[in-house]
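Got a structure for you, written out below as structure tokens; questions coming shortly.
Should a chain be cited, it is by its letter among A, B, C, D, E and F, assigned in written order, with residues numbered from 1 in that chain.
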Amino acid sequence: MTIKKFMFVNRKAPYGTIYALESLEVVLIGAAFEQDVSMAFTDDGVYQLKKGQNTKAIGIKGFEKTYGALEDYDVTKLYVDQESLTARGLTAEDLCVPVEVVSRAELGKHMEAQDVVLSF
Amino acid sequence: MIFSILVNEGPYQHQASDTAFNFAKTVLSKGHTIFRVFFYHDGVNNGTRLTTPPQDDRNVIAKWTKLAQDSELDMVVCVAAAQRRGIVDEGEAKRNGKDATNLAPGFRISGLGQLIEAGIQSDRIVTFGD
Amino acid sequence: MLNIINKTPWDRPALDAALQCADGGSILLIEDGVYAATRGSASEARLKDAMGRLKIYALGPDLEARGVADRLTEGVTVVGYDGFVDLVAENKTCQSWL
Amino acid sequence: MTIKKFMFVNRKAPYGTIYALESLEVVLIGAAFEQDVSMAFTDDGVYQLKKGQNTKAIGIKGFEKTYGALEDYDVTKLYVDQESLTARGLTAEDLCVPVEVVSRAELGKHMEAQDVVLSF
Amino acid sequence: MIFSILVNEGPYQHQASDTAFNFAKTVLSKGHTIFRVFFYHDGVNNGTRLTTPPQDDRNVIAKWTKLAQDSELDMVVCVAAAQRRGIVDEGEAKRNGKDATNLAPGFRISGLGQLIEAGIQSDRIVTFGD
Amino acid sequence: MLNIINKTPWDRPALDAALQCADGGSILLIEDGVYAATRGSASEARLKDAMGRLKIYALGPDLEARGVADRLTEGVTVVGYDGFVDLVAENKTCQSWL
């Protein structure tokens, strides 16, 4: 099968909208199809990776653990925008998985290198 | 005190319906009254009985239906918004020549006047949306 | 008036609009709006400035869901759904800045 | 019947989303119920009133004319936020109906005077 | 050139579906090929046959159905997203014990793999959403 | 890359994010995104700054729908759906900044 470079760009916070969760579902299918998958987190998307999510009191299924399982699907290229982290008072230590923190310019270069970019 | 609630987004895509539900339940548990829950815009999509959410997630529609039945809530889906989005009861199906219905138990379809009436009759009206 | 905000200040101009229109009353942050009440973020100063004129609340269940309950900006009061209902009852009107 | 002061706050541009149109539908019903109706336009909502809309090429029904008909329903209190106009390079002359241009502080005072505020 | 199109929002609430439709029509009129139109998130709500929009407005769903039939377009509604939102065909109704269906002609329900496949098989994939 | 923006720069940070990430290529403004290409608005300077590195396009039908086709910022190229399809074909990839 053809292998393409797929990047999934996440720009929205979790739980307020479903995009983060349904984006993850696409990422896992992309990995199952053995594509070359990477994920970018920028703007409010960096909040998806914030450690310590507990959704019990809002009655919605949490999915922080799914990010931890991405490695099992060989999804290891997670790029996080430095500027978005800083504006939100976050650092890489606040995140639930190991990531590569990059500048917006570097993120743009990764985007340019893709065959398919899907933004959620 | 008399509350009404306006829900402007559909289930799952936005948190609006979940928050509105939690709010409505709390209003009732504190002894207040809910005059009406009105579903407008994509909020009408909360009124379909055809959803089958994943087993490990909540069923937003079933929660509303149960609350309506347990607490005699008046839950109104706006007819104009429902026609645009395909939410249909038997009367609407007949009027518009549709071969199926999908309105969930506990909901009824009616006009926008019901929202204005809710504003007039209630001490407070709270909107949940995008 | 109770001003309800459900989006982050980076994603939407709702919080800024409410802060500029409201002369008194309260702001309640819910859903994705609660991120505005976190320490060290670029919106913290705006929120602190507003505290002289406005009371600022954030919905606890939404803070916990997003893993930010332990980094609340000083001066913000956390409420549950109970407190949310009370705030609506205590204020003559409320407005959701959608 | 009880007459209450209803304000409809419009903060979104037309056509990109349906809120502007479905908000107008509520306003007209509010007027039919003989309530004391006013409308506020702020943030992107000021774009709703921009003169010269022609939706033919996007295939969506235009509704600029409906704002002109509001007067027939005795909806004459239209408040437009000065700051939002200025940021978008607009003035009252660019709008399709006569309005009262107000500061954000004045808008806030009008909001405080309402019985019901619905925001779209 | 081979295109695919991803539609992430429902009809009327957002312009996404209208823009996607105009785009799709133009792609075909210029002699390109469309491998697939995939409906995800609230985009699945484009696949209901129960809408009755106002007579002076466009019928977004009917436009898609006609385009599919005229041009043999493959229009796929994501099954997981459809289950959350109550878009059902006969197979889904049987599997999940639903008493009605609402899928419009020209659409079919299938898995997310169809979106990845569209990405692999197409030269370009364009997303329309909120 | 073709960067597609469908929101105003006041409502969402999408245009800013695209302008900061993109080193070359094109920006296409569609739907509510077209307002960013209007004269005299607070976003005009940002767009003009970017024109050295990026080509900026706006979708004509969306400009007309919103009554702003006659106040286009200088240097922005108007395209129809035809031109939209051509832009997608000419660029190796495209990204909708949703």
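Heads up, the rule we're going with is that a contact is a pair of C-beta atoms (placed from the backbone, for glycine too) under 8 Å apart; a residue touches a chain by one contact, two chains touch by 3 or more.
Every value quoted in this text rests on a predicted model; they were computed, and no experiment measured them.
The chains touching chain E as well as chain F are A, D. Of all chains, the one whose mean C-alpha position sits at the greatest distance from that of chain E is C. Taking each chain's centre as the mean of its C-alpha atoms, the one that lies farthest from the centre of chain B is F. Of the two chain pairs examined here, D-E and C-D, it is C-D that is joined by more C-beta pairs in contact.
The geometric centre of chain D is 27 Å away from that of chain F, both derived from CA atoms. The centroid of the Cα atoms in chain A and the matching centroid in chain E are 26 Å apart.
Put simply, the C-alpha centre of chain A and that of chain B have 33 angstrom between them. Across the assembly, chain A contributes residues 15-19, 43, 58, 60, 115-116, 119-120 that each touch 2 or more other chains. Multi-chain contact residues of chain F (touching two or more other chains) are listed as 6, 10-11, 13, 31-32, 61, 93-96, 98. In chain E, the positions touching at least two other chains are 8, 12-13, 15, 19, 22, 41, 54, 80, 125, 127, 130. Across the assembly, chains come into contact as A-B, A-C, A-E, A-F, B-C, B-D, B-E, C-D, C-F, D-E, D-F, E-F. Interface of chain D with chain B (complex): residues 1-2, 4, 6, 18-19, 22, 25-26, 29-30, 32-33, 35, 115-116, 118-120.
Residues 12-15, 18-19, 21-22, 54, 56-58, 63, 130 of chain B are the ones that touch chain A when the two sit in their complex. Those residues of chain B whose C-beta lies close enough to touch chain D in the complex are 6, 8, 40-41, 80-81, 111-113, 115-117, 119-120, 125, 127. If you check the complex, the residues on chain A that touch chain C are 12-17, 43-44, 47, 50-58, 60, 62, 64, 87-90.
Taken in their complex, chain C has these residues touching chain B: 4, 6, 30-32, 61, 81-82, 84-86, 88-89, 93-96, 98.
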